[in-house]
Every structure is written in structure tokens, then in C-alpha cells.
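For reference, the structures are reproduced in the following blocks.
Shared between the two complexes below is chain A, which has chain B as its partner in the first and chain C in the second.
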Partner chain A sequence: MSVNHKSSAILILAVCLILTIILCLSYIPMWKYDLIVPGPGVTRVAWLSDYVPELKGSLADTRVFILEGQEPGANILVLSGHHADEPGGWMSGMVLVEKAQVKTGKLVVIPQANNSGFTHNYPQEAHAQFISIPRPDGTSRRYRHGSRTGNSAEHWPDPEVFIQYPSGQKLSGDEVRNLNRAYPGRLNGTFTERIAYGIQMVVRNEQIDLQMDMHEAQPEYPFVNAVSAHPAAEELASLASLGMQTHDLDLGVELSPATFRGLSNREMGDAVSGLMAVTMETANTEQGKIRGITDDLLAVQGQDAFYVAAAKLGNLFVPYDEGGWPLKRRVGRHLTAFKELALALQDLSGKPFDIANVPDYYELVANDVGYYLNPINEKVSDPGYQSYPGIWRLFSKTSSQDRS
Partner chain B sequence: MTPQLHDSQMYFTSGLALGAMVLTFMVLSLAGRFLKQTIPLAVNLFICMIIGAMVAGFGFPIRHLFEGPVWYIYINLVIFTGMIFLTCLKAAGNLDCIAYDILTKFRKRPAIMFCLITLLLFFPGMVTGVGTAGVLSTGLVAVVILRAVGVPNVQTGAIVAMLTTIGAAAPPVNLPAIIIASGINMPYEGFELILLVITVPLGLFTIFWLGYKHFKSPTLEEIEKVLPRPERKSSFMPYLPLLVVVAIFVLIRSFPGKFPDIVTPMVFMLGSLTTLFTGKKYPFVEACKEAIRGGIFSTVALIFVVGAVVQVTTLTGSKGLLVLASLTVGATAPILLYLALGVSLPLLGGVLTHLGASVILGIPFTLAMLTQNVIAVVAGISMLCVLSQVIPPSALGGYFAQELVSEKKYSSILSASMVPLLVCVAFSLITLIFANQFASLFVPF
Partner chain C sequence: MPPTYLIVMALYTVLTAYILYLVISNMLRSRDVWEQIMAVFVIVPLFMRLIFIK
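So, the complex of A and B:
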């Protein structure tokens, strides 16, 4: 049987083209910035490119929310969304932006620190592209649910071995796109190092006293439901851990290892004199390797029968029952720890910091996360599409007017 | 898409998806035999994933079928360019010169010759992390040498299959170790010495076990019968392309940030271009086309489909079910954990390739053994993962070795490889059981 190679080649190319278009269409909505509805506590909305103009017009740019009190006091930075597949971390940042009101001091929140990570999914994780959070009035808020690393369109190909700057430490190649391995960052470095540099500039310009980085980890990972502290923040973390006990919540404390470089707490604590820097972790089922069906519900409900079995086998580092670790518990832990760390900061530094409308663990468990997210209204500024990844950037339009 | 339950109902849904995948695989394989048509493994697995996802209520999983393979684009590019480099080396006559030199210089020194063959077969896997690259490249040189010194065909195939497989675990690039390290948030550092300690003795044992008793020192005339004295510009020139490639790799690794990391595919292409000046003239474009034609294409397709397999089994919970089953076996008794490691990693890798096995089982097994030195544990587990390159049904390295030596059945090569294979499994398990002791000697921190 003779085969017409030209015809079959054309057919295959046509099928590839159609598949490419379908696949592109499924990712393009993820390039659009999420709607965030700032609460009355937000006094200023800036962009990372306001601190480092070179980031403007790229996926590296992200919103910086500033909540200033009437009186000066301690300045706190909350970073979340280093890893876009850790919704317990970045949803905590969102709740602060939408609900918190600072009376004394200043709170700076970057809820989606690595915006690039929100524009795609990590291959082979099968994660959902979006998650919905139901609100009490029957509406819901929809957010992008992305990847641990930035979009490979900005970096491709990754090196086989990533050499961390400036330590020279060797890491797995895809870690070149991991913002939490890129600190302290540099302006002329990789795409991810430039984001880290931007955050360093926020820390310096806003004269931050305490930097909290909110993350999540798999339940079988030893460092979970815990805080990792730079040596300068060790006492602070210990005090916060004691404070958590008053809420009947345990919070493990670990000193950030000097041998593991590029982490936000370790590098920023080393780079900025007087800064106390910590990283917090809660248990996220959808990151675990033992998890069962992976869908958008898993990210929010955090329940998984396989993990219940794994807990009985003794393979986990957190208690795990049929209730699992739903988003409300994870956000509740982060925000309670946030308040305890802020209290500890006041005790140690003598600088006042007074904040209201931050729900604690039990309020979140009772009311769920959607209760603390604002309804979308016509006044909300929609950043829409600011920039596109990789070569698609040639077709993007960015202007300061778009960012009202 | 049907909303999924995550309670105990999930055992049924994930089990059903897994069952549907296995059943589809068997039906397609049998249908292929019945119709006397070869259904490529990649196509078979791809259809299994579609059926599995549909049975689990996810509909036609178009995003997942193509998102999973993205992870392997770069690896496949390395394989393609590696093949181009080695085909050019062959076309320029450089490989013949190297084979001729080894044969004539060391024909009376089998120990040194076997060590050199080990290095030759290790090298492509060491730099690419994929054993198949070795089979399809330096494998040919090794076959010529081994045949000339009297090693039988089956043993020659087994040597090529096993050594290129073990070479994929050797440093600096051990892909399963990199994948597992990344999965548990640890740097890929401190692995070099312990990986050498694991792989080099196993490689040498394999070649000496399979080849030494057959070794017959050939005369120069006998050598020139099977490998006529190749033409060369100078004694040094045939080695230049390899030296260029090695030098660039060393410079990239030794001076990070100072010497540009032009990544492996580009290094291989530079090496390929070098061959234009180091041997006989050949049509470069035709050689490149030849390199990516045929066998390597099905390997690349299979690797891509493995990405889809990992993604869809994750989506449907089938992966979690397998991991939980392995952990349950391990939890029953520590000895069963090691047994599960020794059996499940190579066997599952036979279906999913060594990369898939490291993602699906390597990471949870490592997490289950965190009381031991993690670097030694990851090194041992990565070795067990790479062995799957000779295990059917995928047997990436094995099947190519079979083609290379023109052996009719793969079972004869697998059977010849059995003793070295079992020794490799045993040695890897010893590394895991005594991980702390190995680490105190061979891990810098």
C-alpha cells in the first residue's frame, strides 16, 4: 500500500494546529489578572514596577496593596502567592487586602508575589486552572490557580541544574522559575530574580520591620503547620508559637537552614539589616503525592480518603481525618499566626501595630473564606490583561492608564 | 465534568479508572496481535489515558493529555540533538576511529578495554540522563569492539542495554534524582560521589560478568576484517568533537554565571558541527534527518505519552491509589518496604519509564524514608528507577540494544541481563538499608 507522505504530513500539521489553538484558548484566561476588591483599609494600590520600573509590561508585575494606619508604627509585609498552587497562602493575603483595617503602623500585602506562576499550570500535577470561593449571598469569587513555578515561556529552556545566585548552590533546573529560590534577586538576573529584586525594593522602600511569607506544603512533608524563621526572627517566631497555643493551635518553629539558599526568609533576613523574616506553612492536600482525584474541589475542600489512610499508616506529619484540611482551616491558621507574629513584633521592637477586622482560625472555620471576601461591584478596578507571556508579549499593550 | 467525591467513594472511582486503563491496554495489545498490526506502545497508552479519564467522569481530558508531556519537551530535544551529534560522529568516521584505536591498543588488555567500553557506554547517559542516547550512539562502537573480541551477540546486547541504563544514573545528570530532589524541596547537590560509588562498580561488574569469559584477544588482521583501518586526518582529530562537548559541559558547570549556559541541545549541535572538520566529508543535513528518523522517534513519542500518563493518573487518583498501595505494603513491615522498592520501582518504570516511576513512586518512597540520609536514599531510589529502562513493556534502552545487535527476541537479552539486573537491585537496596553509613563515607554533607 503506497502512502502519500505529503498528504499525511499536511493532515497531521492541520490537526496539530487545531489542537494548539484549543489548548491556547484554555490557557489565555489565566493571563488575565484576578479581580481583587480592596477593602476600606487599603490606602494605596501600587505595582511592583513602581518600585522597579524595569518590570513594567511583563508578567513579573504584580499589585502591591498598602494599608496605612492613622499613626506610624511597625511596618509589616505579607508575601503570598510565591507558589500559585498554594491557595491557603495567597487567599490569606487576599482576605487581608479585602477586610483588614490598620489603625497604627503599616501593612503592605503582595498577594500574588509571582504573578507569572498564576498564568499556567505545572505539568503532571493535573491541578485546576481556576477555583471558586462561594460567598454567603450566593455569588462566588473566582481565582486563577496556577503553578509552583513561573511560566516557562519566560525562561525556556530551564538549565539542567540551576545555580542559585549569589550562593552558587545547585538546585533542580526548574527551580530557576521558583521565586522562593531566587532571593535576594538582582536586576540583571533571570526573570524570577528580577521579581525577587522588586520585592527586595519594596522591603527597603517601605522600611519593613517584619516580612511574612505564606506558603503551603504537602501533608507528608516534615515541615508543615510550622514557621521557619531567619535567625534574627527566631525569638519572634517562638513567641508567636506560644501565642498560637492560646488558640489551641500548634505551630512548629524551625530555624531557616543556612545551607539552603534562595529562600525569602533566609536571604532577605541576611540582606536587609534589622528585618525579621519568616515563612509559614500549612498542610495542602492537593500538593501531596498520595492524593486521589485532583480537581478544583480538592483545592478548596482539602478532603481526601487516601490521606486518611496514609495518616493511619503513619506517613504524615499532620493529623488527618475525614474532615481533611479545607481552605478555611488553612487560611485561619495563617491569619491567626499573622496576628500572633504582629503581637510578638510589638513586644520585641516596641513599635506599635494595631489592626482590626482580621478573622482568626475559629471565625474562619465558622464562616468560611467567602464570608471575608467582598462582593464584586462596578467600582472595582479590573486590571484585565496587562501583559502576555513569552513571544505573546509582542502583542500586549501596557499603559499606566490601564492600572487605575 | 461530573463533580467528584473525595471520601471513601474515591477508592471505587480511582480503582475503576485504573482498571479501565489496564483493561484497555490489554484489549488493544490483543487486538494488535489478532489483526497482526503493531500498535505502538505510545499510541496504546495514550488511548488508555483517554478511556481512564472518561470512565472517572472527566470527559475527554484534552488539556491534561497535552499539559503532562510539556515536562518532557526539553528532555526530548536533548535526545534528538544527542542523536544528531552521534550520527554525525559516525558519518564523519570518528566513531570508527575511536573503536579502532581501542581495539588495536588494548586488544591484549581486556581489563582496560572493558573499563573504556564502560566509560564509552556511560558517557551519553551521564550527560543526558537518558540511557537510550547511549544505546543509539556510542552503543554502536561498543558492539563493534565486543564482537571483535568474541563476545556473543546476546551478551553484547545485554552489555549495551545494561551499561547505558546504569550510565543514566551516573553523575552529573541523574534525572530521577533531580526529579525526586525537586519533589521534596532539596537541592540537587552532594550526589556526585555516591552516584559514582553506586554506578561504577555495577557497570564494571556487568561488563566483566557478561563479557570477560568470552574475551579472545584478536590479531590485527582479525580486527581489520571487522573494522577496516579508518581514514583519519590525524590521530587527535577523531576525538575533537567529543572533547569540544566535554569541555563546554565542564566550563558551564565549573564557571556558572561566567561561562554562558548554552544548554545541552546547543552543546550537542556545536559538537555536531565540529565533526564537519574532523573526518571524512558527509552530507550534514542528511545525517541530521537520519538521526531523528525511525527508532528514536518512537522513544520520544513514548516519553511524551508518559507525561500524559502521569498527568491523567494524577487527575483520576489512580496514581495516588498506587502510591498508597506501595506505602501500605511498606508499612506492614520494614522488610516489605524494601521489597516494594526493589520490585515496584523497576516494574512500574517498565510501564511509565524511569522518569514516570521517579515522579509517581520515587517521591513518596523517599518521604517514607526521611529518617535516613536523604541524599543516599535518593541516590539509591534513582538507581532502582533507571533500571526500568531494560524492563518491558517500555524497555527504552533494551529494545534499542536488541535492534542494534539484530537479535530476534528481547527475552534472550533480558534473560542474559538478569544476574547483573538482580545485583543492581540488591546493591541499590543495600545502599538504602545502610544509607547513613554510605552517606558518612560518600556524601559531603
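So, the complex of A and C:
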């Protein structure tokens, strides 16, 4: 081709620059923290860096909502958003923050446990960057829809093999950014281990009795619509499963395997004496590997014709029809299980825990998720951009007084 | 003393900058326009990594 090679090179460099700017502008809005409208039950909003100051100014920093009752009782921690591509998990945490009111005991909610995971998408999954939840008044609430793992702009490169601390178990390299493989964490460890360490400090400082971790999994995954319990929480999970039967909901119970390390329930249950720790899973179509069109609607509506066909062939571990597994059913399952686990905790520990305004499965199916999210009003301050990855963290807000 | 992972990340950032320098300087010398076009697929992601966007 007879072209001036210098001119073509400069032209292509200019194209590179334009493409880079366009792509950067599409990623950077995901660094902005989601707007969460705390309900009247929230008595204090803290940050993970209030427990571990070393996390300040990094994408690891995330909000910790505390709902304290008037009387002391059991202390419960709800973790969600370990995996930011599991909206049924983190939306359950959001509903608790925006609607629940604790009368006796204390509820601590970290709805976006791995904030770093919310700042980017998982490669090659074609997931939407944002999802919108419609409210009954015609408005909608918009949330980031992130990745299973933390942002590689904050922590890279991944090793060929991730060696889990402290077990020494070998896992695939990108699991080094998976918060649910990083427990119990350590302050001088990897970026993700530092987040896990921060959550461990929340558990210790808030004297948590029960830790619930809300997740989702693909419908073809054997462990779904189920709870995985640390041995110390086995009886608690069994009682909650029986309680779910009274709502005509099945909840499988499995013991967290001693040979699979780094999980929140297994490691925190081992590390913190007296803590009961469980992990819950619901069925999320958009995580499934045989799904069809992947867009923001799939995350919310959870309907996919390929999964209907797979269910007819008996290849799934959950019932699946044309209605699919919409977000309202998944959040409904998590919150009903939350209430049953809290009841079981009272029975086993003797510590009272009284909470109101937590919708159950049938209320969520009837009203949908948006009904349980607060409207955005002028009193709610937008957290905006609090922290940035890499060298950009020099521009992060460094003082907690700056935070809203 | 920053955590080890930050030191490793800084070293790889220097490596990324060096690879970018090699690719761009090679592209400016190349007389094959298709080779120059293919460089887009290296330059854009590496530049985004260099400036910690993705």
C-alpha cells in the first residue's frame, strides 16, 4: 500500500488516543459510589476505613451502616456485594439499610463489601454497567453492576496461581481479587486480603454474634437456593431451613467444607470465637453459562428461554419456568432467610433481636423491589467519587470529615 | 513502607510503559500500514492499564 508511513502512524496514534478517551469515559463513572438512602432505622454510617485506617483513599473503602435498637441484644452482620455481579445479594443489603428498623439488638450492614468489584465489569460476560430499579412513583434507582472480583486497576497483575493465606491452598490466579477467598485477611497482605481484614475488624469491634453473607449462583450450579454454614452455625441453619418451610420455601443446608478455604463463613467462623457464620445463595440467570441475550433487564427480570429449555431437560438445580428468577424473588428469598436465621439465633443464644419493616418473600413478589427503596430527596447527599485506583488515589478524599 | 502488592504493581507499570514505548516506536518506523493498524489492539489496552483505568 503506497501511503506515507509517518502520516499513517500519526493518524493511527490519534485514533488510539480517541478510543482510549472514549473507553476511559465509559469506565470512570463506575468509580462513583452508589447513592444509598438510609432509612430511619440507620443510627450511624461508618466506613471500613474507620475500622482500619490504612484502607482510606483506596477503592477498598466502603460504607458500613449500623442500625441499633433501643435495647441491647444479639448483634447481626449482613454482608453483601462480595461479588458485585450478584444483585440479588447486594440488593437485599440495600433494602435492609433503606427500610429495616431494629427495636432490640444491633444490625450492621455492609451492602457493597467489595466496593472495588463495583468499579468495573467482569471481562467477556457482557454484563451491563448499571441497572435501574423502577419505583412505584415512576422514578427509578440506579446502581452499579460490577464484577465477581476486585478491579484489576487497583491490584495487578494476577499471579499464575493464587496461594490462599493462611491455608496455602492453591487457587486460580484471578481468585486473588475474589474477596470470598481472602478471609480471614491480613493488614500487610494483598489488596483483597486488606478488605477481608477490615471486615474481620468490623466483626470483632461490633461484637457480632451472627454473620450472614448474601450471594447468588448460576441455576445450573448444585449449591443454589441454599445456605452454607460454618460448623458452629449448623444447628442455626437447620432451624432456619425448617422456618423457611413454613413459608413454602425450600432452603438447602450444607456444611461449609473444611478443605475449601478463604470463604467468609469458614474462615470467620474459625477465627472469631462464638461467631455463627453462614453464606446464602439464590439463582441468578445472568450468571449462568447457557443464557441468551445479556442486558440490564436480564439482571432484574431473570428470564431466559434457554434456561426454560434446560429445566425441561432436567439439567438445573432449581425450578425454572417462563417467569424465571426475577430480582424480587431472589431478594425475597434472602430476606425471608434473614428473618428465619435471626429467629433461630434468638432460640439458640437466648439473646433477643427484634426488627421491623423487613419484607418477606410474598410481599416482595407482590410489590417488587422498588417499593422497598426510598425516593431520592434533597436531604440525601450524593457520596460521589470518594476514592480512585492506582495513581488516581492521590486525588481521593482523605479525610472522613469530607465524606457524606 | 507500602504493601508488597503496590511495589509489584509499580514495577509492572514501568514495564507497561516500556512495552508501550517499544510498540509505538516500532509503529512509527514500520512501513506496513496493516502492522500499524494492528498496534491499536496493543496500544489502547496498555495505555488504559498504564493510567490505571482498566
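Just so we're on the same page, the second predicted complex is superposed on the first by the 395 of 404 C-alpha atoms of A that agree within 3 Å, B and C clash if a C-alpha of one lies under 4 Å from a C-alpha of the other, contacts with A are read in each partner's own complex, and residues count from 1 in each chain.
Heads up, the rule we're going with is that contacts are C-beta pairs under 8 Å (C-beta built on N, C-alpha and C of every residue); 3 or more make two chains touch, one makes a residue touch a chain.
Predicted model, so just to flag it, every value in this text is computed and none were measured.
S.K.: Would you check which partner chain A:339 touches, where first means chain B only, second means chain C only, and both and neither mean what they say?
M.R.: Touch status of A:339: no partner.
S.K.: Name the contact category of A:170: first (chain B only), second (chain C only), both, or neither.
M.R.: first
S.K.: After lining up the shared chain so the two structures overlap, which partner does A:329 touch, if you call chain B first and chain C second: first, second, both or neither?
M.R.: neither
S.K.: Between chain B (first) and chain C (second), which does A:157 come into contact with in this model arrangement: first, second, both, or neither?
M.R.: both
S.K.: Look at A:191 in the shared chain and tell me whether it touches chain B only, chain C only, both, or neither; answer first, second, both or neither.
M.R.: second
S.K.: So, A:125: does it touch chain B (first), chain C (second), both, or neither?
M.R.: Only chain B is touched by A:125; chain C is not.
S.K.: Which partner chains sit in contact with A:391 here, chain B, chain C, both or neither? Use first/second/both/neither.
M.R.: In the superposition, A:391 contacts chain C only.
S.K.: Looking at the overlay, does A:83 come into contact with chain B only (first), chain C only (second), both, or neither?
M.R.: neither
S.K.: Which partner, chain B or chain C, is in contact with more residues of chain A?
M.R.: Higher number of touched chain A residues: B.
S.K.: First (chain B), second (chain C), both or neither: which does A:19 touch?
M.R.: A:19: touches chain B and chain C.
S.K.: Please write out, lowest number first, the residues of chain A touched by both chain B and chain C across the two complexes.
M.R.: Residues common to the chain A contacts of chain C and of chain B are 19, 23, 152, 156-157, listed in rising order.
S.K.: Along chain A, where are the residues that touch chain C in the complex?
M.R.: Chain A residues touching chain C: 1, 3, 5-6, 8-9, 12-13, 15-16, 19-20, 23-24, 27-28, 120, 152-157, 188-191, 194, 388-392.
S.K.: Which chain C residues qualify as touching chain A in the complex?
M.R.: 3-5, 8-9, 12-13, 24, 27-28, 30-31, 33-34, 36-37, 39-40, 43-44, 47-49, 51-54
S.K.: Which of the residues in chain B end up touching chain A in this complex?
M.R.: So the residues of chain B in touch with chain A come to 1, 3-4, 6-11, 13-14, 56, 62-64, 66-71, 73-74, 77, 129, 172-173, 178-179, 181-189, 253, 256-257, 261, 263-265, 307, 310-312, 314-317, 319-321, 323-324, 327-328, 331, 359-360, 363-364, 367-368, 370, 445.
S.K.: Across the complex, what residues on chain A touch chain B?
M.R.: 19, 22-23, 26, 121, 123-126, 129, 152, 156-161, 163-165, 168-175, 220-222, 259-260, 289-295, 297-298, 301, 303-306, 309-310, 313-315, 322, 324
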